[in-house]
Amino acid sequence: MTDRVYKKIELTGSSDVSIEDAVQNAVTKASKTIRSMRWFEIIETRGYIDNNQVANWQVTIKIGFTLDDGSE
Amino acid sequence: MTDRVYKKIELTGSSDVSIEDAVQNAVTKASKTIRSMRWFEIIETRGYIDNNQVANWQVTIKIGFTLDDGSE
Amino acid sequence: MTDRVYKKIELTGSSDVSIEDAVQNAVTKASKTIRSMRWFEIIETRGYIDNNQVANWQVTIKIGFTLDDGSE
Amino acid sequence: MTDRVYKKIELTGSSDVSIEDAVQNAVTKASKTIRSMRWFEIIETRGYIDNNQVANWQVTIKIGFTLDDGSE
Amino acid sequence: MTDRVYKKIELTGSSDVSIEDAVQNAVTKASKTIRSMRWFEIIETRGYIDNNQVANWQVTIKIGFTLDDGSE
Amino acid sequence: MTDRVYKKIELTGSSDVSIEDAVQNAVTKASKTIRSMRWFEIIETRGYIDNNQVANWQVTIKIGFTLDDGSE
Amino acid sequence: MTDRVYKKIELTGSSDVSIEDAVQNAVTKASKTIRSMRWFEIIETRGYIDNNQVANWQVTIKIGFTLDDGSE
Amino acid sequence: MTDRVYKKIELTGSSDVSIEDAVQNAVTKASKTIRSMRWFEIIETRGYIDNNQVANWQVTIKIGFTLDDGSE
Amino acid sequence: MTDRVYKKIELTGSSDVSIEDAVQNAVTKASKTIRSMRWFEIIETRGYIDNNQVANWQVTIKIGFTLDDGSE
Amino acid sequence: MTDRVYKKIELTGSSDVSIEDAVQNAVTKASKTIRSMRWFEIIETRGYIDNNQVANWQVTIKIGFTLDDGSE
Amino acid sequence: MTDRVYKKIELTGSSDVSIEDAVQNAVTKASKTIRSMRWFEIIETRGYIDNNQVANWQVTIKIGFTLDDGSE
Amino acid sequence: MTDRVYKKIELTGSSDVSIEDAVQNAVTKASKTIRSMRWFEIIETRGYIDNNQVANWQVTIKIGFTLDDGSE
């Protein structure tokens, strides 16, 4: 194997629908500036309550991506 | 900003359906005695297994609410 | 299974005798205002030292109980 | 020593001034419904940023108090 | 109660669909060699990203089962 | 010293009597299939409450044993 | 609510005066390249000792900001 | 109150009898060189297994004592 | 991707030479009964001291392997 | 660089004024027996409550100092 | 001292040789875009296993650097 | 077994060469004032970066030694 180096950044994605959707929203937003995303890890799951309903899921993740160039 | 004070309580909600549903069940139950719930944080996700199937999701959350009065 | 909701509270029981006794003392005291206690988890074990002897065990536990009504 | 039992609750106090002031605000608010508060522990320190200034300190603490009666 | 003993093992289940599905996949696979599974706890949730989409949920759980015999 | 390798497994022992007894019960059960157990570490102490009494101590431990052969 | 995405970065601010001042110094420095900072969390508080006096407070924080554009 | 300063040291006591006895053994040994011990906290509980029996409880504690003089 | 399931086991490898060698020793020993090992994570690094020299590195790792069959 | 060795000790300083003052009080007391203190890290912040006021800040720190000689 | 601000980023370096080499590889890669790197902390050490051999060390570190300018 | 008591102290060793060498340096320095050192545990691994090279490994360990006498 080669000696690859990865960078990890921390994002909080949100969604009114589900935990999975909040993660995807964070990944989608990150894809606008980062190439070569490889994996994520969920760090924390929180949310807002509005009128006694879970109104917004907020999931903090770390995303790892190959540090091939000056991306980000 | 004013000097608001929030109280956090810890609940475990359960659901046969999903993690999100277990959280909502806890929030719904709490709404019977607490006003002004603002946010939650997932602390732990567990569940029961029955006949080799996940039979019940049990999600422990902390709920934060405004301590405006003697609620709870 | 039904969608039960549990509440967890944090107490510190103390005893001159043993860790087990300190836990029971906390449970006994809690039983005066809480119905339907189901389980506990030990969070921390500390104690006072007096004249080079362990003089008091102080055990912090979380107690989980069924949130069936407005108890507590 | 007698076998005292303490209860711990979790509050988030806020202040525009300092961490110490946010803690005192939480204690002051809690004093309206709880007697016999004895100690606190800082769990988390966060805050809001407004216009590039720390605008509000938010300090989450646990407060321990003697469970002598049905207070709270 | 009798003095039951439980064993806990650590598995990572994966799914293209959801966190809940990844847990069930781990439980299903474990059921081929383990009898009497009773509960699980989620330890970590990670995933792979492929072409800017969450392509695979990977959920690490601990499964507890009754140690009645030489199973596993 | 030689280059020994140890394996660690996680068990939950239970007892109506004490924390120490719950640990011994787990060790006794494990001894039916594992040779050469060397040490344990307590990971978590929980218990059930029945009729306001601690009815069952549940202690989760890791047991380390010499991996000399295909035991377990 | 819309599906906002936040990024969190980790900074260590320092100050000869106080913990609060070290946090503000980090926020002020970050404001030169980041727009839309929203909140911070204190991760760690350390400091240097010089001639038996606390000579410098060093506070590590995470700052969350709205990821609206390519800022940073 | 005065501005007292306490020092905390970390000891591992052992006993063939119980967790409580292992803690007392550590306190007793420490009393030979330290005055004014005030409290302890259990950090870790381990033990040795000999011939399928728990043969020795090893409890690591931190002991806090008043730093009134050059003791220790 | 397919819905693979992995199992993780915990081993402590030892070596008189280095941390890396202790990890390799654990992997080598595990290879005698486990097929398809994929990755490891270091959990803890300890060691024995003999005559003021580090005499033995003891590295606890988790090893993940594909659960394709009844191996182990 | 040379191969310096540092020792870390754990102290709890207290103050009626502020967190910063409690840290300085611990450092001042330590300076009576320790030379060459270099840095500190805050481990825990607690306090006593008296008559609904924070009456005493208690801050536990680790202090690192150069182990040049037999100091302490 | 002046009120310096540092930024910390998280990288995973890899190497077929050793843990130390994986850290250096991450530092070397980071040096292409970051000036004034000052220190690192190891967060996690993992690796791949290929044909029963540790084939690749993967070490996640945080790197701290002076935030003097718009570097990175 | 007898009821031995061990003390644990925390040291940070450094080395330009490797993690293992930094640990040995701490043990060597400690041996000048402590007899009967038995084991160590690595708590944290950090280091300095100089001119884009890892210039100094700094490894914090706890050393356990038999508390037979007034050593240290």
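Remarks
Note that the chains are named A, B, C, D, E, F, G, H, I, J, K and L in the order they appear, and that numbering of residues resets to 1 at the start of each chain.
The rule we apply is simple: a contact is a pair of C-beta atoms (placed from the backbone, for glycine too) under 8 Å apart; a residue touches a chain by one contact, two chains touch by 3 or more.
This is a predicted model, so every value here is computed, not measured.
Each step here moves to a touching chain, and the least such steps from subunit E to subunit H number 2.
Looking across A-G, B-C or I-L, the interface that copies I-K in more than half of its residue contact pairs is found at I-L. Between the two copies, subunit B and subunit C, the Cα superposition rotates by 120°, quoted to the nearest 5. One simple way to say how far apart two chains are is to compare their mean CA positions; for subunit B and subunit D this gives 21 Å.
One inter-chain figure worth recording: subunit D and subunit F are separated by 39 Å, centre to centre, where each centre is the mean of the chain's CA atoms.
Multi-chain contact residues of subunit J, defined as those touching 2 or more other chains: 9, 18-19, 48. Chain pairs that touch one another are A-B, A-E, A-G, A-K, B-C, B-D, B-E, C-D, C-F, C-H, D-G, D-J, E-F, E-I, F-H, F-I, G-J, G-K, H-J, H-L, I-K, I-L, J-L, K-L.
Residues of subunit B that touch subunit D in their complex: 1, 3-9, 62, 64, 67, 70.
For subunit E in complex with subunit A, the residues that touch the partner chain are 18-19, 44-49, 52-54, 57. Those residues of subunit D whose C-beta lies close enough to touch subunit J in the complex are 18-20, 23-24, 27-28, 31, 37-42, 63.
Residue ranges of subunit L in contact with subunit J, taken from their complex: 9-16, 21-22, 25-26, 29-30, 32-33, 48, 55-56, 60.
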